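Presented sequentially are two complexes of chain A, the first with chain B as partner and the second with chain C.
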Partner chain A sequence: MSKRSGAALAIPAWAWLLIFFVAPVAMVIWFSFGYKPGIFGTHANDVLSFDRYAEAMSPTFFATFQNTLWVGIAGTLLCLVVGLPVAYWMAVKASPARRGLLVALVMVPFWTNFLVRTIGWQVILAPEGWLSTTLQQVGLIGGPLDILYTRGAVLLGVVYNYLPLMILPLFVAFDRVGPPLREASKDLGAGKWTTFFRVTLPLARPGVVAGVLLVFIPLMGDYITATVLGGAKGNMVGQLVASQFQTAQNWALGSAMAVLLIIVIMLTVAVGALVVWLVTLPFRSRNRLVIGDAANAAPARPVTTAIAAIRSRPAPADEEVSA
Partner chain B sequence: MTSAATIESKPTTSTTGEAPGTVVVDAVTKRYGNATAVDGMSLTIEAGEFISLLGPSGCGKTTTLRMIAGFEQPDAGDIRVSGRSVLGVPPYRRDVNTVFQAYALFPHMSVAENVAYGLQQRRTPRSEVRDRVVEALDLVQMRRFADRKPTQLSGGQQQRIALARALVNRPSVLLLDEPLGALDRQLREEMQLELKLLQSRLGITFVFVTHDQGEALSMSDRIAIMRDGRIEQLADADTVYARPASAYVAAFVGQQNFFRGEVAEGGAAVASTHALVRGTAPELAGLANGQAAVRPEFVEIAAARSDASAEVNLARGTLLGVSHLGETMQYLVRLGDDQSLIVRRPTPEAPNLTVGDPVECSWRAESVLLFPADDAASAGGYVAPPTA
Partner chain C sequence: MTDSLPTVRILAHESAAKVIGRELNRRRFLSFAAAAGATGFLAACSTGGTQAAPVATGGPLESKLSMYTWGDYDAPDVLEAFTSELGPKITLSSFNSNEEMISKLVAAKGTSGFDIVVPTGTFIPQMVENGLLQKLNHDLIPNLEHMDAAFVGRAWDPENDYSICKAWGTTGFVYDKTVITRELKDWNDFLDAAQNEASGKTSLLDDPAELTGLYFWANGVDWNTTDPAELDAAEDYLVNTLAPHVSAFDSYPGGAAIPQATHALLQAWNGDARIGILESGDPDRWQWVLGSPDTEIWMDNWAIPTGAPNPEAAHAFINYVLDPENSLAELDYIGYHTGVAGIEEAAQAAELPMLDLVFFTPEQIETMNEGAVTEAQARIVEIWNATKAAAGE
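Up next is the complex of A and B:
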């Protein structure tokens, strides 16, 4: 296939990216430099300034941003900690015949509307809800359950809503590593944990990255989970952005907040990657082994002539002629 | 000092008087659900021996290897390596290493890191790791590829790395699970020679699993031909080829032309529809039915003479086809609706015959093998699957 026809095949993908990703983001960035012209206007760009950014970075906004980052990072880590063993068990320990069923079960929550199932948790966790009364009757807790509208409830909702997005890419990644490499590792003297950390996990890294991004990025923009289960403590940036667009009709300020959110997400991902890289550096350098360029190294020790004889094939005919 | 000198089996203490490197499979049974993969199999592999487990897929050879490696646990019986039972011992605590069928090299590590992996698990000092990795790579002549990733290597090169990665640990026993299966023919034959040389130089016990009889014949000190989870015959290559213990072994090692019919001449011959096949001794005395086997390379072929009369160890038919196999010519002769005969002659002395002509095939009584009829191993065909 020629290079040109190959590029032509990519046109739909590029068009899709342009229309649904580049254009909206460009518009948001453009709006963020404008202002709200009056009560009935949403945005105007005849005068450009950074004023909306200054306006966005109010103490309230910082507090909300902090809360959003906390929920985003803690929620993602929790999903990773819970999802990793589940995905590993599904891909490695569970019988292959059951895997399809297990994947389907992981997907079951997605069959219900996001808001509805979050409100479902609100009902369960309420101080006068059935979980609270049951626990009190059994005698496990003294008073009514005091978990709704706390960060604990928010994290519970986050893990519930986002866990499948973590488990599925991890499952695929673990599954792709396959049993032979794990067996080779054990054959070479490595126990279960060493095999996991030196073979299975490094090879499943793309799945870990995919899972973390799939959870972290939507979570940073989500405010339903946090509002429904966190109440006043569940203020998220997404909520502020939405209210600027929908309630206040100030698209310029909403855009500035959205751009700040995008920047924070990118920075957090970069910092997270750097931290992981730094933390694993000692382990990676410990197992690193570079022999060096064979041309510069000392000549190989003589091997048995019998083997050397087998290896030295007759020279090609044209070389004999030239010699 | 050659690089081979330090990669050799290390002495270990034995509790049963079995030498280090000895593998004893003692009445081992392994079942998967209702299927019995290995059925009460016993096998003693001497230290420093090159033994092949040969058989078709599903005969239990790979299961046996995996039980020695520790990836499967036997349901009954005992396995001893260097005199000690390894029942319940996980693979990472066994003094055996495996060369896997698809090599199973770690794709995220360099060649050198792959080879170093086993040493690092044994807490070998860093400087020693480096020396031994270089040594092992020299052994398989792959040192200049040390810093490449396995995916950048050809199949044959990956195979050498897999070998180095196992040998660098100086195991008492090396298990090889069809390691040459993925290589092309020329490379495979070259590796066969190299493997045999390595093994005799290092003195490590090699247990080699294969379905390729040529591989088994060319390398092994002894061959265990397996069938349905049991050993059908355990002998050296010459014996297996010349005196197969059963029709199954005869059919699996090399090719055979089988003639089935009533036993005649007091047990020394089989009277089939197309020929009276006589052996040298009355091996089938007392039996009603039997089968006789003649290898294609022991059959002579010539244009049919006009004065045809019934003779012993001679069959007449029509030449169906001739094919050139390189060093030999192969003739396919149709004796009747239910039987064909394969004849193979060395190319220089191969007769020039025309396809469709009547021919006669003959053989000497010394090349006839006689087996009882109830041995159903060769059922389904007059001849074993052709060699690659």
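Up next is the complex of A and C:
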């Protein structure tokens, strides 16, 4: 009975996924095998082929994708670098009574429409805008501000628009680590930085992963931020797909591009995860905890010994637990 | 589905079993009936609109009017005055391209709910061929007599059976005289300045046909060519020579780019350029140049889609805006010639600013060509995307 009612609770979620995710993606995949029947038609599926994929894999697609990937990766890293200290401060240093207020403040930008916020930055950064005139009057810059329609402006817009999506999961993750573990680490002789990098950050890893994915994936499909602030330098692959649906009226080719984009993004995420796994391999092996072989580890690692002593069992196989 | 339901086990008094069983059956029946009814209702929705579309005969006006047009393309005063004088409440929706509007009408199959759409002339024959537009009842639009003969009976709708000119415009460019100190006269000067003084400060219209047009107009090639060699030459020039100097693709530079001086050289439509220069803090800094030796003429038109739910109100509205006084108010707001006869004199009498960006001489109009939707459309979009990719590197 309990199992069945548990499944019933998930029905809305499954229905949602089926109607708003599986069905549209299936349609896009289906369209991508079709073709454009004439000037006026958008798609036809009576002859199926992979020809649209061959058309989609043009130098234009890859050049645009390269630009998109650059914005995606640089934007995500910048959000991480900016968001991590803020989230840590909110979860650890700020007074608990103020945390609710701080989270609300992080959300404030979301109260305004995405496009309006971005155009706001366009107005601020314009060569004739108030920022430019103020900086010139103060004497910080010699000529008009020359940042609008550069990649710098794109990154600024990305950090502004996506930072809350990075801060919130990080805040939750840091918050869940809790003070007792940090205290224990301090008691056992670890400094602030060691505690952060060997206790807090590894435990907050799910939050870091969630934040990175929450920023990276929507960012790869977003072309509003990039076009409004980057002009020609903000050419994104999402726009290429949109141009096939809206301007060229070629839903078949647009769908093939969309499917290709999904695949390439998944590959990028997989490659990114692999790179992170390889880079952190030495650190993880240093933190490796070998249970059941307490004698060898005893002198250098009091913590390890303690745990190993509690859990010692007769001759188990080498079990690895990453700290 | 009913067969697969498990037997119901309930703890109840024996005497109640019969009633409960009957109740359960009744509920099951009701839920089926509701589902069947909903299916029928949905089916009715999907076909209902096409059968019973009303036709305008001069009867009383409906209480609503839904317009599907380009963004910010009508004077709010005129719309409000129409509602307060004649009654129908206007709902506005906007599109960014003819293709977008057409695909919505095609997908809705006559149930879009729009009463007025504003397609560009060159798209009208195909829309008519595909049954997307209904014939206008000229008896209900007496103000049609005010139209200038030059702007009725165009090739794509010779008898104005389906459409009446709403506004027309052309393409040229604007440059910042503080950056480009020499005089620019035509498209070749534009292309030259883009690669010199205005390199990295040049903005082009974000529209495939205007992009290839820029090359074809400058080089005296037919704008509507489908010759692959010509298209290849255009692509080579735009991608390899021009793109590295382009900093933005912006269809409405008058909104922000000209007032904020973010670029020094901007391809623009005449009405938008006029708005931008008027809103600039330093209008004397900007110079407008009509594209030459050739450029385009586009004409947007009032039309009524098939299946429009409020055709009487739609006809009344078209008639209302063709009234010379209302037409002048529209021109004052959007900055495009509305095609009404004598409007140039009226605009001069009203002392509207910068009319040289609204009215053109017959010799200038002679150099303006109409575009066409051809089988090269896909190729032109490809060139547009390739140019944007090259400009982004």
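Methods note: the second predicted complex is superposed on the first by the 286 of 323 C-alpha atoms of A that agree within 3 Å, B and C clash if a C-alpha of one lies under 4 Å from a C-alpha of the other, contacts with A are read in each partner's own complex, and residues count from 1 in each chain.
Throughout what follows, a residue touches a chain if its C-beta (ideal position, glycine included) is under 8 Å from a C-beta of that chain, and two chains touch if they have at least 3 such contacts.
Remember, it's a predicted structure, so these values are computed and weren't measured experimentally.
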Contact-wise, after the overlay, does A:Pro202 reach chain B, chain C, both or neither (first, second, both, neither)? first
Should A:Gln246 be classified as contacting the first partner (chain B), the second (chain C), both, or neither? second
Of the two partner chains, chain B (first) and chain C (second), which one does A:Pro180 touch, if any: first, second, both, or neither? first
Please indicate which partner A:Ala190 is in contact with in the superposed arrangement: first for chain B, second for chain C, both, or neither. first
Answer with first, second, both or neither: which of chain B and chain C does A:Glu128 touch in the superposed model? second
Chain A residues contacted in one complex by chain B, in the other by chain C: none
Using the touch definition up top, name the residues of chain A that touch chain B in the complex. 180-181, 183-191, 194, 198-199, 202-203, 287-292, 294, 297, 300-304, 306-307, 310-311
Using the touch definition up top, name the residues of chain B that touch chain A in the complex. 2-4, 69-71, 90-93, 96-98, 100, 102, 104-108, 110, 112-113, 116-118, 120-122, 129-130, 133-135, 137-139, 141, 143-144, 146-147, 165-166, 169, 190, 193-194, 197-198, 201
Can you list the chain C residues touching chain A in their complex? 96-97, 99-100, 102-103, 106, 126, 130, 203, 208, 243, 246-250, 256, 259-262, 281, 373-375, 377-378, 381-382, 384-386, 388-393
In the complex, chain A touches chain C at residues 36, 39-40, 42, 58-60, 63-64, 67, 119, 122-123, 126-129, 144, 148-149, 230-235, 239-240, 243-244, 246-250
